[in-house]
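Read from first to last, the chains carry the letters A, B, C, D, E and F; within each, the first residue is number 1.
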Amino acid sequence: MAPHRPIEYREAAPEVRAVFDDIKRTRQVEDVNNFWKYLAHDPATLKRTWESIKEVMAPGALDVLTKEMVYLAVSVTNGCGYCIASHGAAARKAGMSEAMFAELMAVVGMANETNRLANGYRVPIDPAFEK
Amino acid sequence: MAPHRPIEYREAAPEVRAVFDDIKRTRQVEDVNNFWKYLAHDPATLKRTWESIKEVMAPGALDVLTKEMVYLAVSVTNGCGYCIASHGAAARKAGMSEAMFAELMAVVGMANETNRLANGYRVPIDPAFEK
Amino acid sequence: MAPHRPIEYREAAPEVRAVFDDIKRTRQVEDVNNFWKYLAHDPATLKRTWESIKEVMAPGALDVLTKEMVYLAVSVTNGCGYCIASHGAAARKAGMSEAMFAELMAVVGMANETNRLANGYRVPIDPAFEK
Amino acid sequence: MAPHRPIEYREAAPEVRAVFDDIKRTRQVEDVNNFWKYLAHDPATLKRTWESIKEVMAPGALDVLTKEMVYLAVSVTNGCGYCIASHGAAARKAGMSEAMFAELMAVVGMANETNRLANGYRVPIDPAFEK
Amino acid sequence: MAPHRPIEYREAAPEVRAVFDDIKRTRQVEDVNNFWKYLAHDPATLKRTWESIKEVMAPGALDVLTKEMVYLAVSVTNGCGYCIASHGAAARKAGMSEAMFAELMAVVGMANETNRLANGYRVPIDPAFEK
Amino acid sequence: MAPHRPIEYREAAPEVRAVFDDIKRTRQVEDVNNFWKYLAHDPATLKRTWESIKEVMAPGALDVLTKEMVYLAVSVTNGCGYCIASHGAAARKAGMSEAMFAELMAVVGMANETNRLANGYRVPIDPAFEK
């Protein structure tokens, strides 16, 4: 199937524009990322996904920087090229320094390694973790 | 193949005991987790993995709590049951509250969702993320 | 290692041509996709994979469109770029509308999200699902 | 960390009860699954996830059975034990016969196989899939 | 959905018995593993999968031990508990020593780690690997 | 975030040069791969990762060729494009013939398929594999 193309603001339907406007306002940006321009082909998913992201990524018990670094860690684990680029940018914007990025990658690497060591040695859960 | 069994301190070779001792000292615990007792079947991997973990998980540009939450996020993404239990415990010990855990899971869930939306819509990386 | 190159019909060995001919006849296409031209480097795997695909993707209790959408859902989950493009095209050819694609992606996204929520909260299987 | 425990209706806060009530009404069931009883530890995620699932899984361009089978295909690919059990049950309830289940598994298996063959042979996307 | 139950030889249909007989003869075993007893619910997939496995796992340019260790490496990476147990047993039977297992796990662990470091640092492919 | 750029030998800090020198000496190559030039942004991870790789990939109970093929198998399963290219080259250099590559891919494909069939049919581990 032909790849989708991005839907730009000027050609977007009112319900798509409303979401784009809210993204731009919330994030203080001039334009939305490609992710949203592609999701715009499905206005219901665009709206639902944005509202979920807006709620989940707002500062709460965890700050925005921590949340963006976790998002990046998951994207690196899954090998999602687009998400690594976009959430790398978002984490950087939220304050991730080069040193923090380096430590984050080191942790993600070790976690992926030891996850497999635990699988391979079929390690049973310690009773202490169950209570 | 028969599952491995844990190697306990009292029966461990000196090189294994040396690692167990360092884990107990570093983490201020009375005994090591099953993960280390199983890795003890390969003293070289036990030593290398512990030294890597000790270096990577030490506080630096990121604090210990953030690192443990990232470890948990990766383990949940990979579906490693042992690692979810053990790093859930470690994150809790490092200060993760119930509210932080809930937000962490929400972020991990959304990241796994949008990673696939980006894959499915074949979203190209924005030029702005490349410079 | 240098990437493989596609093996075209005109240069293919008879056993490869026989598979290419069967693919073209079965799918009513003028040429086979790159996937088959690359697998042609291993005629045994080419033949086995094509015969398995032919059997598995034939209409049965599930129709071809449903099967192609499931194939696409798996490919999106795994992040296989080639497979997303080729099975997106195949699903479209089998009748997947833009609205069906949009709902498919929404389901794939939610499933990837809730799979991790279930992992993270370590939800035990309900007894009702076991009988 | 100690595993969470399920939150039952009788002990649930009003906002959790409201979601449980809507799940029971929508699905015509007497009680909600463990998944929801565990998510109830985070009422915001419980509500958001349920509302998203309710919207995404409603019949539309795809019927409920197709959606549940796709959900199962993703869960099998990810190896989420809980989700395989719960969405296997849901697909069965929506009309998946034993023959449909068997064909679904066959497709999921082949897709996971050929995803890796495409990765390993580094197959480039056919120009025909790009237009 | 209720879990499937294993189909034993004595109750199996003739086409299932024929596959079971061939597995027992080829592998010189008294009974087949649970994997085959469950796949027996779909005789077509049982037959196709066994014939593919028989062809792929036969000694060729790679010996049986190497193939079983690769199978185990993939299963550990994917976190498939059943497959780790069954292919661990098969590799052991094919001659995998404890020392080989330990080195195999070390390689699998490192590969999973560096795969993510390459993802995270977005490392471009060296021109030398393309020719 | 802007992608990282490779750090070349001539501009590298002494601690990075020391690692580059050891890689070049150990592997008898004129220059290091991009992977190391990117990791050089974090000298501690560069050093730790190289020392781990050097130890794990040295010939032992498994020879170098087997280890490189396992590395490739994991990378193909995870869909890491860089790693497939670099470890494909390394395996080829260590003696992997075209026929060995073809059989390796066939095994990786089947393992990924049957991992999901085992998941989907929820196959319990045979008691024989536990003792």
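What we mean here is this: contacts are C-beta pairs under 8 Å (C-beta built on N, C-alpha and C of every residue); 3 or more make two chains touch, one makes a residue touch a chain.
The structure presented is a predicted model; accordingly, all values stated were derived computationally and were not measured.
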Practice item. Could you tell me the least number of steps, going only between chains that touch, from chain B to chain C? Key: 1
Review point. Residue numbers at the chain C-chain D interface: does the shared fraction exceed half, giving same, or fall under half, giving different?
Key: same
Check your understanding: Cα superposition of chain A onto chain D: how big is the rotation, rounded to the nearest 5°?
Key -> 180
Point to revise | Listed pair (B-D, D-F or E-F) duplicating the B-C contact set, over half by residue number | key: D-F
Study note, to complete from the structure: Taking each chain's mean CA coordinate, chain A and chain B are separated, in whole Å, by 20
Point to revise | Geometric centre distance via CA averages, chain E-chain D, whole Å | key: 27
Review point. In chain E, which residues are in touch with two or more of the other chains?
Key: 1, 3, 41, 44-45, 48-49, 52, 56, 77-81, 85, 88-89, 102, 104-106, 108-110, 112-115, 117, 119, 121-122, 129-130
Review point. What graph shape do the protein chains here make by touch: line, ring, star, complete or other?
Key: complete
Practice item. Please give the residue numbers of chain F that touch chain C in the complex, ascending. Key: 79, 85, 88-89, 91-92, 96, 98, 101-102, 105-106, 109
Check your understanding: Which bits of chain C are touching chain D when the two form their complex?
Key -> 3-4, 33-35, 38-39, 41, 45, 49, 52-53, 56-57, 60-62, 66-67, 69-71, 73-75, 77-78, 80-83, 85-89, 97, 99-100, 102-104, 106-115, 117-119, 121-126, 128-130
Review point. Tell me, which parts of chain B touch chain F in their complex?
Key: 1-3, 44, 48, 52, 55-56, 129-131
Exercise for review: Mind listing the chain D positions that touch chain F in their complex?
Suggested key: 72, 76-77, 79, 81, 84-85, 104-105, 108-110, 112-117, 119-122
Revision key, fill the gap. Touching chain A in the complex, chain F uses residues 1, 3, 41-42, 44-45, 48-49, 78-80
